[in-house]
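See the structures that follow.
What follows is a pair of complexes built around chain A, which joins chain B in one and chain C in the other.
Right, the complex of A and B next:
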């Protein structure tokens, strides 16, 4: 537990010091949201209907940038090898990194919401539920994303491999988060929000547990 | 001749014999289906493809677990073989499905849970083959592909469930508020 907190503190500090990168990732996500509206055309009804999908696609595209960046830093000056020499458990290192990435992505998601509201006229009065969807969805991106970033950051084709491995895996997150966000924006007369939140929660539970189990094997050698 | 060569040569001969017999049975001996006609004959190859794809990917999942437990190269080679077979068969499955779907459903593709899950599977396991191709160190390659194979395999049922919900939940369903 103590290892986890120290690792988390280290990763949050790294992200704070590299906040220019966080802002650049946000700018990338916002630019993606702007571009999606050009793909659909200035039809405000269609834009509003697909706003949830656009938000999550923008977030997904931006997430690979920040996930990859979080391990790029560990590769500089062989920092990861140094970390593994410390008497810290790999599990603590994994959770520290994954929670820091989660915080980063959740912040990104929250920051992209006003852009979505302005560009697509897609607001919702249920802000607390929207925050819950963003938290559960970004948790689902960060757990497998952190594990795969640890692997791909050490390979040749890392810019291609991380999204290639991660995108098919997070299809359930994308589906559930898009559905839940759209229900919040367009109204939910049938009360369908809950099953999607349960699905997100189950996905998170599975990946946050197997991620920690497998991470030790990924970084050992 | 070495024993292993005899064995694998025998398997190839057996495979060719079965392929010829199955093709004759499916294409000539079996009668045409009453409503779909000859189109239905694709099922004789489509269904076995599906079974074998599942079997190959399940086999590579077992190999991945065994590799992580034993660190024996045998399991890594089996994992690679199983995964290559599984990916090729899943791609064939999608192609055969499209060939069948166009004359019967009128479209090449439908967002049916089984189709969508198969497509996701192709990308998930194909990506692992791409990962294998770009890691030089054999020990790392073995561990990383075993780890990603386990994750992808565990993910498949969740993908199936979510696509199923995605496909059905948008129709009106009863809930305490609507009854």
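Right, the complex of A and C next:
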């Protein structure tokens, strides 16, 4: 637990020092949302209908930049290896990094919501429910994303490999998060939100557990 | 007690054997130099001893512990200063030391860490990010960081690399201090005269094989050895 807190503090500090990258990632996500609106055209009903999907696609695309960046710092001078040799607990290092990435992605998701509302006229009065969807959805991206970013950070084609490995794995998260967000925007007369939230929660539970177990194998020789 | 026992250690990168059937022993408290041409396997050997990488064949015992099976216990007793400094470039010198100190459960307050920086001549640069440091300053900071670990076995890969003459004296002083404390040091270096002056034992690697193991003073001088090391 102590190593988790030390790792989290270190990763949040690194993110703060690299805040220019956070702003660039937000700009990338916002640009993606803008491009989606151009692709659909001036059909406001279609834009509103697909707003949830566009938000999560923008977030997913931006997340690969942010996840890959989180391991760049670890690899520059083999800092992660240095921590493992101290020895720091691989599990603590994983959870510290995954929680920091989660916080980063959740903030990005929250920051993209106003862009979505403006571009697609897709607001919702259920802000707390939307926040819960963003928290659960980004947790589902950050846990496997942190593991795969660690795996691909040691390869030359990491910018290509990370999305190739991550995207198929997070299809259930994308599906559930898009459905839940769309229900919040378009209305939920049949009360379908809860099952999608449960699916997101189950996915998160599995991947936050598996990720910690596999991380040591990924980062050790 | 034996600090290091390596038996038939082999390590392969792709099709090339970086280490081939390397066996030696290092008694506890000894200062050992590892030398050889570029690419002879010195860094790989140190990284295997540090448990940063595994041997493909053979076994390594560190202070009585089997390195493959008891890796975490081994790591509590060793420290590695490698070619790469293990530092976070965006963090300041003090923050880098703080991160390591917190993981080690040591005192991570500013004052004791400034004293660490004073030891390596960086006390006036404690609040500067590492990315603004020269290679020599990074080496000094990395040295301060590994010293925090107070290891029983110190593994140093080219500790004089990037350093100026005052840095050479700093490393010499550190080695003397480790000797007084009873720590074992295994140091890869190209500076033969300096190494022979300080170390008890020498290992010479040639293309991944151990060509010499014995007294540092009686070590054969390889052709073309660089003696301009200021020893």
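The rule is short, and it goes like this: the second predicted complex is superposed on the first by the 221 of 221 C-alpha atoms of A that agree within 3 Å, B and C clash if a C-alpha of one lies under 4 Å from a C-alpha of the other, contacts with A are read in each partner's own complex, and residues count from 1 in each chain.
Operating definition for what follows: a contact is a pair of C-beta atoms (placed from the backbone, for glycine too) under 8 Å apart; a residue touches a chain by one contact, two chains touch by 3 or more.
Nothing here was measured: the structure is a model prediction, and the numbers come from that model.
J.: Thinking of the overlay built on chain A, is A:79 touched by chain B (first), by chain C (second), by both, or by neither?
T.: second
J.: Would you check which partner chain A:97 touches, where first means chain B only, second means chain C only, and both and neither mean what they say?
T.: Once the two structures are laid over each other on A, A:97 reaches no partner at all.
J.: Between chain B (first) and chain C (second), which does A:17 come into contact with in this model arrangement: first, second, both, or neither?
T.: second
J.: So, A:164: does it touch chain B (first), chain C (second), both, or neither?
T.: first
J.: On chain A, which partner's contacts cover more residues, chain B's or chain C's?
T.: Larger number of chain A residues touched: B.
J.: Could you give the residue numbers on chain A that contact chain B in one complex and chain C in the other?
T.: Comparing the two interfaces on chain A, one with chain B and one with chain C, the shared residues are 221.
J.: Please give the residue numbers of chain A that touch chain C in the complex, ascending.
T.: 2-3, 6, 9-10, 13-14, 17-18, 73, 76-79, 81-88, 221
J.: Touching chain A in the complex: which residues of chain B?
T.: Within the complex, chain B contacts chain A at residues 68, 120-121, 123-124, 127-128, 130-131, 134-135, 139-140, 143-144, 146-148, 150-152, 154-155, 158-159, 161-163, 165-166, 169, 172-173, 175-178.
J.: How about chain C: which of its residues touch chain A in the complex?
T.: Touch list, chain C to chain A: 50-54, 71-72, 75-76, 78-80, 82, 84-91, 95, 99-100, 102-105, 129, 138, 145, 149.
J.: Across the complex, what residues on chain A touch chain B?
T.: Per the touch definition, chain A meets chain B at residues 144, 147-148, 151-152, 154-157, 160-161, 164-165, 167-169, 171-172, 175-176, 179, 189-192, 195-196, 199, 202-203, 206-207, 210, 214, 217-218, 220-221.
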